[in-house]
Amino acid sequence: MHETSEHAVHQHAPPTSFIRKHIFSLDHKVIGKQYYGLALLAVFIGMVLSWLMRIHLAWPTWPIPGLDKLSAVGAPAGVMTPEYYLSLMTMHGTIMVFFVLTNAPFAAFGNYFLPIQIGAEDMAFPRFNMMSFWTTFTAFLVMIAAFFVTDGPPISGWTAYAPLSAVGKDAGPGLAMGQNLWAISIAIFCIGSLLGALNFIATTLDLRTKGMSLSRMPYSTWAWFVTAVISLLAFAVLLPACILLILDRTAGTSFFIPSGLVLSDRLQPHAGGSVLLWQHLFWFFGHPEVYIAILPSIGIVCHILPVFARKPLLGPRATIGCMIAIGFLSYMVWGHHMFVSGMNPFSANLFSVPTLIITIPATILTLLLIGTVYGAKMRFTTPALFCLGFISVFISGGISGFFLAQPSLDTYLHATYFVVAHFHFVMAVASIFGVFAATYFWFPKMYGRMMSDTLGKWHFWLTFIGVYCIFMPMHYLGLAGNVRRYSAFVDDYLIALIPVHKFITIAALATGAAQLIFLFNLIWSRFRGPIAPDNPWEGTSLEWSTTSPPPFDNFGGRHMVVYQGPNEYGVEGTANDYVMQTSPEKIVTG
Amino acid sequence: MRSRYFTALAVAVLLGSGMLVFAKPPAGSGSITGKVTYTGTPPKMKPIDMSKEPSCAKQHATPVLTENVATGPGNALQWVVVYISAGDQGSTAPSQAVRYDQKGCQYLPHVLPMQVDQGLQIYNDDQTSHNIHPLSKINAEWNKSQPPGSPAIDTKYDKPEFIPVKCNIHPWMHGYFIVLNTSHYAVSGEDGSFDIKGLPPGKYTVTAWQEQYPAQSQEVTISGSEAKTANFVFKVLPY
Amino acid sequence: MSESEMALSAGQSGHGAFMEPSPYGIQSKKLTMWLFIISDAVTFGAILMVFSYLRAGTPNWNAPFRFSPSIINGMVMTFVLLTSSLTMLGAVEAAKAGRKAASLKWLGGTVLLGTLFAVLHIREWFHMFDEGWRLFQNPTGGPVIFGAAFFSITGLHLMHVISGVIALIVIAIGYSTDWLDANHVETTGLYWHFVDLVWMFVFPLVYLMNASR
Amino acid sequence: MGKLFAAVVFVITLISVAIFVMHTWWLPIDISTTGPAVDRQMNDTMIGTGILFLAGQLVLGVFVWGSSSRKSGRKIRIFPGGATPLVTAAIILVGLEILTLTFVGSKAWGAIYLTPPAANSLRVDVQAEQFAFYFRYPGPDGQFGGLHPDKIDDGSGNYFGLDPANDIAARDDIVVGSLVVPVNRPVELTLHSKDVGHSFYVRELRVQQDFVPGLDIPLHFTATQTGKFEIVCTQLCGLGHYNMKAYLEVMPEDQWEQWLKSQAGQ
């Protein structure tokens, strides 16, 4: 619970043994890279799962070569069973939401750059930091273990709705050991995330270098800070929810299971619980989780875009205000996931209004980003393109939120592909675009080498067009009433929609293949990329005031003093068109 | 309707008892035959609405009925398993596997007797995915789906048990695996008759099992190659 | 390590000349303890919400706690825990004033009272087990969910008390050997008071509102 | 590069919008009395957000196009008026849209979920289970028999858990696998779930409602056209979720009465 000694914490001599240096490292930079590596592994698994699902949806009778080796029961002769499809879907959702979207933009880049951006040597509690990574990693191993238990991974979706997730094996395959591992993994993940959130908040509040007032913090730091606050409260609810779920599953309690249920012809011995209770607890976490995934990317884009636009971000105060407003409102809207869930229909209106109100700060953020592009002298590097792409997909994904926030339309669109399109655009694609922008932007700092811009641009164009080909048609499917989470389409009106699914599948395979360019670029540049200068993009924030990569204590024993905000681009009358945060020169604003 | 029962009966008798007994040199030549009937008003078998699975619905000209109390002319009671519960247990499991079909969203046969450790092959003959979930308590429970065109599920049971089988996809699909220690068994046909052959001389307890009503037993002693008769009467209720 | 950073690790403000002042003017550890308490309060809030939700949704909710011995026992436990908060206060005050021996005595008292609370609680649990209470069983014929709710809430709190007692012992040993300082005592004190505060919600909600008439 | 980006965004936006406008894939016919309000709301939202979408993407494209200008000596320009006009515009425009949508939309919602069913409604009980829907009509006596989960037995067709041996009201209950209703008559459904969460979704009725285990959820509608429509499950309920469906058959009143009689005879 307590750091036993802070003397150890602020030791300056870097560790020399391989294990202390690369595995159980206390260095936030190493931990950040570890998170990034974990997210990369997870996103690869998650993407392959989505490929398998997409192929099955478009061509359900095709045997997929080798799939029977992965699971002989789940895919006899390579043809997926309905439950295996649901297993893959559950694992895709869980892995992507928890181990990619929570880890990559927040934990990975936040760990690496938050301390540097505020001029600190490390996080406030390096040992906690190490613990949070290894806790998260354990959670990941437990989750992956679900692939290898007898009847496979759980089939209850990433939302694990009770009682499907709570009653055990009678509810179907994958709901015995697989679901146990799922619940345990998520509980462990919560602990890791809570530790991380504590650390982020304490670091941001307490370790800012001289002159780094809150208003001078870069937007990315602000976003990580707000995200940490959201995590601190959100995971604190998911943790007990998961523990109660585990109790229901293993200790015979009935928190989420009402009486008189008959599954597999067996009257269940549970009584007295409430199904909606799980939904309330889950979505109280689940909706803020959406902002945990997207806010860091918003912050990253707000941080990166001005660098390439060569002009300050429009409305810095409004930007930060909007982030805080989104974080605050995210706790009042969970019920919009439950409009048709059987909760009191009056409350639908109560949840609908704040949900629609969230669109106001989101719109402001988008408009400010667009306004920043206005009149800019844009440098179209790969990270800049990903930032612009982010704005585009964020608009596309945000717009559909207007539909889903209204209960009267949700009666038609709920649980259709419209929802799938919405959250993939606004939460997954937008967030991942932020991660891509961040990777291309910060890679030189992290590894001291530049990434290939040519490959990067190929990657961008294929991905940008690809995601529109995948997710835009899903809106049309949703309008036609195509239900999500179906492993095959047997209803008459759904059979008519299969050609659209084939188009989406081809687009998904192509877009997925385009990610290999990114992977190649990442690995190739790590060893062969041109050596990066300290400030290749002419940025102002503190990470550009140190070497690439930064030394063990980030600034080589120097104590940075900050004189400016992070936003001084396009400044006239100075040597360059920008002023570093560490530069003491006076800026004359005209 | 009638022909379907005959087919099912033929499959049951052929696979379940007759063939296995004839496939080996009979250990004895005694036999027990008889008829299973009911008294009282049997419950009305309900038509099964298969409209949610059109590929199955169109295989049946008239709706299929539930089979939990299947009756025939002359108060005959079908799908009753008659077996030797005490006495000579006959031979061990033959190498020939029993076959269980899923056709037209029905289990064929409705009641499938087999011996401990005898092979069991489950086929999906439909154009839709089925799920086989034998609700065993003594044997290990499993629950597998079988997409159309996938290979047969090959399995066996190593302990005697009466196992209800259900399809988790089509809730009306219900059947029974009857795993027996003995090789002396038969299933009553549509006329209620059964025939257990190849019994060596000795004292036997013959038990008749029906899925909904309590099982009944009779003591039968066979000397030489006697053909004994044992009739069973189940008391049924309309509800 | 520079002088100022030594000051950072040991100093009261927690900040040297090269740092922005912390907005709350407290040590990082203490700040983090506050943050942990907020987070933990949300966790307790969630589980108490679960309890209230289930209670509101169960028409035949039962009130199994008779005044004697259950409520009396609960009152004694409350008294013990409240007193332990007082002794903790003594320990923190003494530590701040540098009166180490006194502080250690107060800490010892807190550990004893905390342990007494845990013992009383576990004794009560065992009584209830004897009566037939389980996570999934209600011997009074009322809703079975009562057992689950009761044991999970009190169990979570008991876990906090026990880990608090262990933390206090570690802190006391550390403090007595100069390995830890007065700040650690104070930070642990925050946690202990929080655990006490939570009980002030648990006791009325779980015991008093389920007292049989 | 900026012009390329702008061009790609334009093309994507225009194609996307064109497909929406052409109604290539669209909502099916509307057969319920409450549906038109939902459709109107859908159209209004579509127009309102469509304009926002077009404006957002096109303005982004135009700005990116402009920002890529290679004119030498060009200076950066700040958005006229800074952030204030944008913030104000967002608050007013989006705020107005929200207010309108909420006021109009809550009526459409209320008509389905906050209005009690008509007194002459046909009452139908719905039991959802893994993975089928079953529908129960009260039979000639007009009364539903009680439900006893312990009596549920799929093998004998007792999907609801009726107890006809002891409960006379249950004896004439009609249990079928399709929802057959007369046209233009209000129908009041009571949704029960036997096992896990399910959902009742008929696109043509524009309604969706979850089945919640442990709760009886009311739902009502009036169908205005005859025909056969698909009822599907939209709440993940297990391995057969994709195959969980039933048909809604809307018949003329006299034909429906005949159907009911024929069912009661079985």
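Order of writing sets the labels: A, B, C and D. Residues in every chain begin at 1.
By definition in this document, a residue touches a chain if its C-beta (ideal position, glycine included) is under 8 Å from a C-beta of that chain, and two chains touch if they have at least 3 such contacts.
As the structure is a computational prediction, the values presented were derived from the model and not from experiment.
*Asks:* Mean of the CA atoms for each chain, then the mean for all of them together: which chain is nearest?
*Replies:* Smallest offset from the overall C-alpha mean is found for A.
*Asks:* Would you mind telling me which chain pair, A-D or A-C, is linked by more contacting C-beta pairs?
*Replies:* A-D
*Asks:* I'd like to verify one number: the distance from the centre of subunit B to the centre of subunit C, where each centre is the average of its C-alpha atoms, in whole angstrom.
*Replies:* 63
*Asks:* Using CA atom averages as chain centres, what separation in Å is found between subunit A and subunit D?
*Replies:* Between these chains, centre-to-centre, one finds 29 Å.
*Asks:* Quick one: subunit A and subunit C, Cα centre-to-centre, how many Å?
*Replies:* A distance of 34 Å separates the two centres.
*Asks:* Cα centroid separation between subunit B and subunit D, in whole Å?
*Replies:* Taking the average C-alpha coordinate of subunit B and of subunit D, the gap between them is 45 Å.
*Asks:* Listing for subunit C: what residues touch at least two other chains?
*Replies:* none
*Asks:* Considering subunit D alone, which of its residues make contact with at least two other chains?
*Replies:* In subunit D, residues 129-130, 153-155, 238-240, 243, 245 touch at least two other chains, as defined above.
*Asks:* Where in subunit B do residues touch two or more other chains at once?
*Replies:* 128-129, 131, 145, 164, 166, 168-169
*Asks:* Judged by the touch rule stated earlier, which pairs of chains are there in contact?
*Replies:* Final set of chain pairs in contact is A-B, A-C, A-D, B-D.
*Asks:* Please give the residue numbers of subunit B that touch subunit D in the complex, ascending.
*Replies:* Residue list for subunit B touching subunit D: 43-44, 46-53, 66-69, 128-129, 131, 145, 164, 166, 168-172, 174, 211-212, 237, 239.
*Asks:* Note which residues of subunit B are touching subunit A in the complex, please.
*Replies:* Where subunit B meets subunit A, its residues are 128-129, 131, 133, 135, 141-151, 164, 166, 168-169.
*Asks:* Touching subunit D in the complex: which residues of subunit A?
*Replies:* 81-83, 86, 155-157, 161, 163-164, 167, 171-173, 257-263, 265, 267, 273-276, 309-311, 314-315, 318, 340-342, 345-346, 348-349, 352-353, 356-357, 359-360, 363-364, 366-368, 370-378, 380, 385, 388, 391-392, 395-396, 399-400, 402-403, 406-412, 414-416, 457, 461, 464-465, 468, 472, 475-477, 479-481, 483-493, 497, 500, 570, 572
*Asks:* Which stretch or stretches of subunit D touch subunit A in the complex?
*Replies:* It comes out as residues 1-2, 5, 8-9, 12, 16, 19-20, 24-28, 37-38, 41-42, 45, 48-49, 52-53, 56-57, 59-60, 63-64, 66-68, 74-79, 82-84, 86-87, 89-91, 93-95, 97-98, 101-102, 105-109, 112-114, 129-130, 149-150, 152-155, 161, 194-197, 199, 201, 203, 206-215, 217, 230, 232-243, 245.
*Asks:* Touching subunit B in the complex: which residues of subunit D?
*Replies:* 129-133, 153-157, 159, 163-165, 171, 175-178, 238-240, 243-247, 266
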